[in-house]
Structure formats: structure tokens, C-alpha cells
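Each chain gets a letter, A, B, C and D, in the order it is written, and its residues are counted from 1.
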Amino acid sequence: MINEPKIVEITEIIEETPTIKTFKFNWDFEKLGRPNPGEFLMIWNFNNEKPMSISQINDNELAITVKNIGEFTSQLHDLEVGSQIGVRGSYGHGFDNSFKGKRIIAIGGGVGMAPVNAIASYLAKDNDVSVISAAQTKDELLFLDSLKDIGVNVYPCTDDGSFGFEGFATNCLEDLLEDATYDYAFVCGPEIMMKGIFEILEASEIPGQYSLERYMKCALGVCGQCCVDSEGWRICVEGPVFENDKINQITEFAKYRRDASGVKY
Amino acid sequence: MLKTNICGVEFQNPLMLAAGIMGSNASSMNWILKSGAGGVVSKSFSLNPHPGYVNPTTVAVEGGIINAIGLSNPGVENFKEELKKIEREDNVVIASIYGATPDEFSKLVEEVQEYVDMIELNISCPHAMDGYGASIGQSCDLSHTIVSASADASDVPIIAKLTPNVTDITEIAKTCEDAGADCLSLINTLGPGMKINIDVAKPVLSNKFGGMSGRAIKPIAVRNVYSVYEAVDIPLIGVGGIYTFEDVVEFIFAGARAVQIGTAIMDEGVDVFAKINEGLEKFMAEKGYNSIDEMVGIAHD
Amino acid sequence: MLKTNICGVEFQNPLMLAAGIMGSNASSMNWILKSGAGGVVSKSFSLNPHPGYVNPTTVAVEGGIINAIGLSNPGVENFKEELKKIEREDNVVIASIYGATPDEFSKLVEEVQEYVDMIELNISCPHAMDGYGASIGQSCDLSHTIVSASADASDVPIIAKLTPNVTDITEIAKTCEDAGADCLSLINTLGPGMKINIDVAKPVLSNKFGGMSGRAIKPIAVRNVYSVYEAVDIPLIGVGGIYTFEDVVEFIFAGARAVQIGTAIMDEGVDVFAKINEGLEKFMAEKGYNSIDEMVGIAHD
Amino acid sequence: MINEPKIVEITEIIEETPTIKTFKFNWDFEKLGRPNPGEFLMIWNFNNEKPMSISQINDNELAITVKNIGEFTSQLHDLEVGSQIGVRGSYGHGFDNSFKGKRIIAIGGGVGMAPVNAIASYLAKDNDVSVISAAQTKDELLFLDSLKDIGVNVYPCTDDGSFGFEGFATNCLEDLLEDATYDYAFVCGPEIMMKGIFEILEASEIPGQYSLERYMKCALGVCGQCCVDSEGWRICVEGPVFENDKINQITEFAKYRRDASGVKY
């Protein structure tokens, strides 16, 4: 972990979808730490600094996968191979990656596939891993081929049915659960989706971990910006990943969040 | 044994959360209280919501961090809702407020005093917008005006939080005392400081400068407490780089009746409060101190 | 490549020994020069011999040390003998002088200027006796008087060394510039700070307070250089917590044309000069900088 | 090594001579460091702080041996068992203690026997160690019995001949060298004595190490108080122990030193 930005060069950019790009860069694991799936980085583009999940953990190389939704992310999309960014971290309590010989289901909605890709890739070797990659439409589906290549059972799922399962990730999960069961689940996506998934998995008694997002400033656990009701946990330290028993104590989950001023919305 | 009393307000122990660290909502402050703090100081808030500076707002430096969060807060109306939800029984709840004019301060005092045990005036943030924070606390005149207005408006004890970034802190301390402050807390962040990233030749913080906190500022905080203790008669709260019970003892011996803990939470987690209380109690037992009271200021003898 | 020029004085590289660190005699300063420094600043000396404070005069703190040596020196007559023995060829020799009155300063200037390339005025030591050191540098009036007197008496460039322990360092910097300083060096030690030994409930230093130096003060020194760079037109020398070539680059980017190194010698030995020069040269080559000149102040762009 | 005073209690006081006492205290080697012979400590009695050689290195216990010659040392002599002092260090470049199966001669004059005792004790087990313990008179002789007890050949030597060899340590050494030779020497005492010893040993081609004293303030290598001509070496860092080739470069050796102001005398 490093708490001041380390300047790295973008070594590769993958246009994953019309709105999502993956950026790769070198990261000396020995000097800077070896991140675990589910952890995130603070990315500084010299105008602003925001949190991004780690989407790939290779040998001394990391990737982030960014959806262009506003000023900062569109600036990231303007980067080219060779461009510099500042990176600090990795931060947060990531996914439990200690599984072996288990049936794992990982569910990612939209760019929520970023951390899901990291954990699914990590566990694929020693576990039977299935991934629901959900998006609104075919063009926005993430990581189908790369996950298939490493032996993951990939279940694409689109809201509009343009590819794979037609419907929401929740529907797709219910569908899968008719014929199968899983030992453990990993989930990241819009909170409303995670809420639905959470209820289904709870009902099926499948334990799991959920990766949350809140507005972040320090990512060091001091500024309090990312604290959630009603236990006060910091998404940047106690999170972003929480087990299902903890999700129940995050009373604001899928209800509200706070903006940069701390005003709820 | 760990009890301490400041301006008639009873603390279960001398440790409280420092302003601006994790104190952004009732949930996090309740967590800190459950973790062993005798009191909490809220994030500093103002009349209106304020988003603070653009990121990066914090960066690590040797011995601590520098920050220019920029006093982001959801405004007094929203913050009152948080204050109401804090567990006040047996705990001391302190609101930290900031503004630019005497009017803003007295309005804030009136708005929040029924929900808190004390009010701390942030006249010391070193990276605040012009007219706010240290712009006040670096001037005797402005400090006097703001502290007077707040003290006049308040039924609860008023703490003036001082900046170390002045030529002579005892002068400001005496001015605040004269103006009616019931207590002083010191120090707010030091410097400010700057971190330049040499690969891109740019200051890391978007605000360029940021106040320094953490272990490295302790010697300077202790000296300020020591000096101010000799200059005023009102009680002092020490803050700056406290990580261990040994640090707390240093501040108490220098003249503090209680302390605030901030950046240590980054390195040690919220467990730092319980750990320090335990160590402090053991230390007192070993050395034969029966109360915090006995220990206050004895490095002056 | 490493050459730098300050007020017409040519330095082989931007590193010099900071005042008061090892610079107590010609032998040690020659050693530092042989070890790779482009220049040396002597221990601050006065008209008459002075023994300084009683020990303990130094104590370690997180990120550095605090010291209250108390400006001990053998007096100008003895120190002149040392200055004469310093290897001046290719090296820059700077005398650091201190006193309380304009008269003392101008006398000191007259006594030593033929033996040195520049003279640094210590108006910034934070633990000096009343009337000396920071008592001068914390007041615009006194700074003006002392700098004027020294500049008037001097044929060599005058460096005013500033204290960070003021409300607004740019004010003092501008005053010194107006008074005729040819260059500013900053910062002298920070705080001062205090270390209390809790087993005996006593400040460790016999003087109680001491100026803080070492790694921890770097962010504050860098910020001061950055701020003063925007306030004055004369060249700046950065000092405070420099241990590595990266630190040197930070200071240069902030606006320094050269730097001074003190406490790092405690941890890294005198080899620190050669090590930094090597790293700096490599960095410049890698990044395509051809001279120090090109790098000065570019963090302001 | 610890650079802020650690408060310790005096556990034992030995009245070695009418003017010299040894003070023992516990020192946790794991936490505070294990000193080597020839290193010194800064001793704080809450009024002043001055350097003292380590005279004994036992298991998690150290001793200093102090001659009452002024205000500070007389205050130390007033300490009792249970009294507290502050101790920081250990500091300095100590004696080379890597010898095995060698003939060693160690020579201490007056309280200069303090570090000599430490190195002689250390080397006694694996070497043939001889010690010249020199003093003005019988009452002031140090460590005769304790050194004999561990198998050291002790040669007492007094200026007035009241015990052992009559004459200076130099004479005693010359006397010994008539029948014997040594592989290595360790020397500490008044500089004028060390100068004489140095010349004799150089002539006999016996290499050795000499422990010097200069006024000290920081003991950290920053204040410059202890720097010696003409190489500028710091007695607190490069010293206090120097090999004989280095002694030749210390041009002020046995000539002058500097007081607290830096004035030569």
C-alpha cells in the first residue's frame, strides 16, 4: 500500500464497450504491495482523484475498468497509451479469496463487473466459478470472452435480451438457482440490483460478499466522508466489501447515500 | 480513575475524537463512543452545505498526512439531525462549528446548543477559504470578535480551537480567554505543508497546501499546550499526533485536562481509544496517580 | 549539470551543509566539502564565545529531533581562524552569524567577509536567548533593521535565514528583500517543540523547548519555499528534512536554487551529499533536464 | 540504540576507589540494543547530561564507572540504589571485538579503565588477555580482582609505586614488552598517556585502538561539538575508538581540545 500517488504509465487500453475502457499499468508488487481482489485504488489524473476497483491483477500489473459517466471518467477515457496517472492504494477490505474446490457464483452489473472480474479470475483455477455478467444491452457486456478463456461458466444477461439471458441479473440468478446451488457468492453492481440479489441469496442461504460504493475523499479512513449508517463503518476501510450479515446492518443500503458535502440523496 | 472534568462537563475518560476525523455522521460518532472515547467532536459544519475542495484532499508525508478536505459539510440543518442521534448519555458531545462572521457563529451556536454539551469554534483550519478558519485564529482582533459573539450566544461551554501557525500562540490564547472562551483546544493542523510529486512537478493536493497531522506534529502540540498553560487560567484540551497512552500523558503533564485523537485512527483503527484507556489506567496505577486531575500540568513543577 | 548560481556565486552542485550541523570547525567543513557538498554554512557564531545551553540539548522525536544547542560558538576571533582554513577553491563558503543588534551584525560582517563567499544571517533560531535568533525574524521591524545593517556593511551577498514560526512568512520575506537581502534561506527549525519524559514528568531538554528538524518538517519547509517564491524576486535556498535526491527535487520545483542539508547527516552520514548528487544527476538525465536552472519553481506552472 | 533518555533505576553501586564509583542498571538488550565494548552512553541526571563509557556489559545489565571530578560527576556520586537516571545510546564506534586466540594487551589509565574493563572482559574467554591497570596510587587502581577472576593477567601500575609496577603506564608497557609481545592493543586514559603508549606500540609494530574523549552535546553526530582536527571526525560517531593509523590523522591528539563554546585549550 502506498499513501501518496505513484506515477505510472498506461501500458494498454482496451475498449471493452462503447462506454467502458480498461487501463493497464505496471505495479511493482514487492515495493507497492500485492492487491487482493475487491480492493480499490485512488486514481489521480492531475485534475481530480477518485476511487476505482482493481479489475485485473496480473504479475506486477494491474488494470482498472472505467465507465464514462461524468467529468472525471470522461477525462480518463481521453487517456492514451503512454499517458501518466497517479495511483495510490490499494485500499479497503477486499473479497475473501481463500476458497478451494467450491462452487462460486459471482454477479456483476454494469461496471460492477470490474471487481467481479478480479475475484472470478483469482478463484477460477481452484474452484468451479460461474459469473453472471449483466448489462442493459449486448454492447455493454463485460469480460465474457476473457472469463470463458480461463474456464469460468459465463452467463451473459441483458435487460433488453439483446444477448444471453433476457432480464435483470436477479432474474438470471433465480433461473440458475433452479438447477444449481453455490457455496459462496460475490456481488457488485448498482445498489438496487445488489439489494435484489441479496434477498435471493439470503433466501437460498448462500453466503456472499457485496462490494459497495460511496463518495470518497481520503480513502485513508480519516475524513469520514464514506461512513454509512447505522454502524458508521467506512466504505474505504471496513468496506468496500461486506459479508451478508453486515449488509443487514448497513441501513442505508439501497436507500440513500451522501454527496461531497455529506447531504443525503 | 480516568474521569476528567472540563468546565463542569464530566468526561468518562480524557479521550475524545478530534474534529473532522470520521465525525461526519451520528453513526460514525456513536461507533467512536462505543469504542471507548469519552467524547466526540463533530466534523466542523457551517450554516450551509459545503462540498470542500476537489480531490486529492489528503496525501501521506513522513510522520503523518497533510489534508485540505476544505471543511465539507452538509450544513447545520442536516447536521442537527445527526447530532440528535448521538448517544449522549454518559458521553460528551461537542459540535465543531465554523463561519466567517460573528453572526454566522452566533446563529450556529443558537441552532445546535440544545443538542450538545459543548461547542468548539474552528478558528484554526489552515487551509480554509479566505476569511474562515485560521484567517480568524491568526488575528487577535478577529479571534476576539468571533469568540465573544459565540460565548454571548451560548449556554454551553465554548471551546476555542487554536492554530499553531502563528508567531505567538499565547497571545491568541489570552485573547480568546478574555473574549469569554471557557476552554481552549490545541492544536489544529500544522503548517500548512505541501507535497510535490516530482514525476509530474505538481503539488499533489488540489488546494496545493494542506494542514499536517499525525505523529510528527506531537512535539509542537505539546510545546503549545505547555506554553499556553502558563498563559491562561481556563482548561486546555490537547490534540496533535496522539497515538499511545504515553502521548496522552505527555499532553496531560504539559497542562491538558483531556485530549483529542484524530489521525491515529488511520493507523490504529477505532480500537485506539480502548487501547489508550487501558494503557493509561495501568500507567496511573503503577505510578500511583489517583486521578487525571493530579497529573495536569506537573511537567511545569 | 548540477551547477547552480546564487547571486553570482557559482556552486558545483546545489547541496550545502546547513548551519549548526557539524560546521563547528574547518576540519569538519572540509570533510563535508570533500564528501560532495557544493558549499558549507558554518555553525552560527557571535562576537564573543558562547557555551550554549546545558545538556540535554537534543532529543529524538518522531520523524526527527528537537534541539536547543543554544548557539554555542567560540566567538568571531576564533572562528575566523577556522574560516581561513576552509578549502575555498571550487567550494562555496558561507559564514552564519548571529547577534542581537544591528551593530553586532555589521561588526561580524566586517570581520568575516574577506574569508567567505556569502554571509547568512541567523535571525531564525527558535530557541535563542531573548533578543536573538527568531526574536528578530518574527518581527518585520527587527528583521528590516538587522538585514539593512548587514547588507550595508557587506561586500558579499547576504542571505537572510527565515523562521517558519510566524503567522505569515511571506511578509517577513518581503521585508528582508526590501531591506537588501540578496537571498533567503528557509526554514530554520520548526516549532519549537517539546519532549516530556513521562517517567519523571519533566521536559527532556534543559531549555525545555527545542527547534524541530529532520524528515518530518519537509512538507512545511517545501510549502514555505513555495509561498515565498511567489512573494519575492531574490533567489531562495531550501532547507528542512532533506534526505534524498527526491527531496531536493521537491524543493527545487517549489522554487529553491539550492538546498541545505542538516539532520540527514545524523542518519545517513556525510555520504549523503555524494549519494544525493548521484541520484539527482540520474533523475535529471532520465527526465531530460539539462540544468538546475530549468527546474527551479516549475511546480508553480 | 535509543535517542531519547530511557529512565532506569540504579540497581547496585560499587565504591571502586575513593573517587570512583560503578553504577549498575538493567538494560533490555532486545528493546534497547546490545552495546559493544568501547561504546558510550549519555547519562541524564535531570540537571545535565554527559557521556560515560560502558564499563560492564552483562546479561541485560550495564554499568558505568564514574570519577568524581566536577559538578555533574559529584551529583552522580550522590545517587543511591533505586535512584533514577536517564540513559540514551549506546553510541559510537566501539572496540573491535572479533579476536580469537590472540595475545591482547589492554591499557587503562585512571577511569580510562572503564572501557578497557569492558573489552578485556569480553575478550578474556577466547584470548590471552593482559591488562595494565594504571593509577596514581594504590587506592585508585580499578578492576584488579574482577579481571583476575576471569583469567586476565593483570599488571597493576602506580605512579607512586604504592602497588604493583612503579611508574607510568608507558614504563610498565615497555617493561612488559621486553619479555613479551602482543597481537593487538586497546588503550584508554589521559591523552598524554595514550600518546606515550601509542609511540611505544607503533615502534613495536603492535596495532591497536585508542578511545578518545571530547566535549559532547548531541552524541548524535549533528552538533559538531566533538569534531577533531584535521579530518573533522566526530568523536561521538567515527569515535570514540580509533585505530592507530587514524590516530596519526587526529592532529590535535594530546595537543588541545575544545570547551563547550568550542574554544581550544
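Simple rule for what comes next: contacts are C-beta pairs under 8 Å (C-beta built on N, C-alpha and C of every residue); 3 or more make two chains touch, one makes a residue touch a chain.
Remember, predicted model here, so these are calculated numbers, not experimental data.
The chains other than chain C, linked only through touching, come apart as A, B | D. With centres set at the average Cα position, the gap from chain A to chain D is 65 Å. The distance from the centre of chain A to the centre of chain C, each centre being the mean of the chain's C-alpha atoms, comes to 51 Å. If each chain is reduced to the centroid of its CA atoms, chain C and chain D end up 36 Å from each other. Contact of a single residue of chain B with at least two other chains is seen at positions 61, 195, 202. Taken as a graph of touching chains, this assembly is arranged as a line, each chain contacting the next along an open chain of partners. You'll find the chains touch as A-B, B-C, C-D.
Remark: chain B residues 61-64, 66, 138, 165-168, 190-196, 198, 201-203, 208-209, 212, 215-220, 222-223, 226, 241, 246, 249-250, 253-254, 283, 298-299, 301 touch chain C in the complex.
Chain D contributes residues 2-5, 7, 42, 44, 46-50, 84, 86, 216-225, 227-234, 237, 258-264 to its touches with chain C in the complex. Remark: chain C residues 20-32, 43, 49-52, 54-61, 65, 67, 69, 72-75, 78, 195, 197, 199-200, 202, 204, 206, 262-263, 265-266, 269 touch chain D in the complex.
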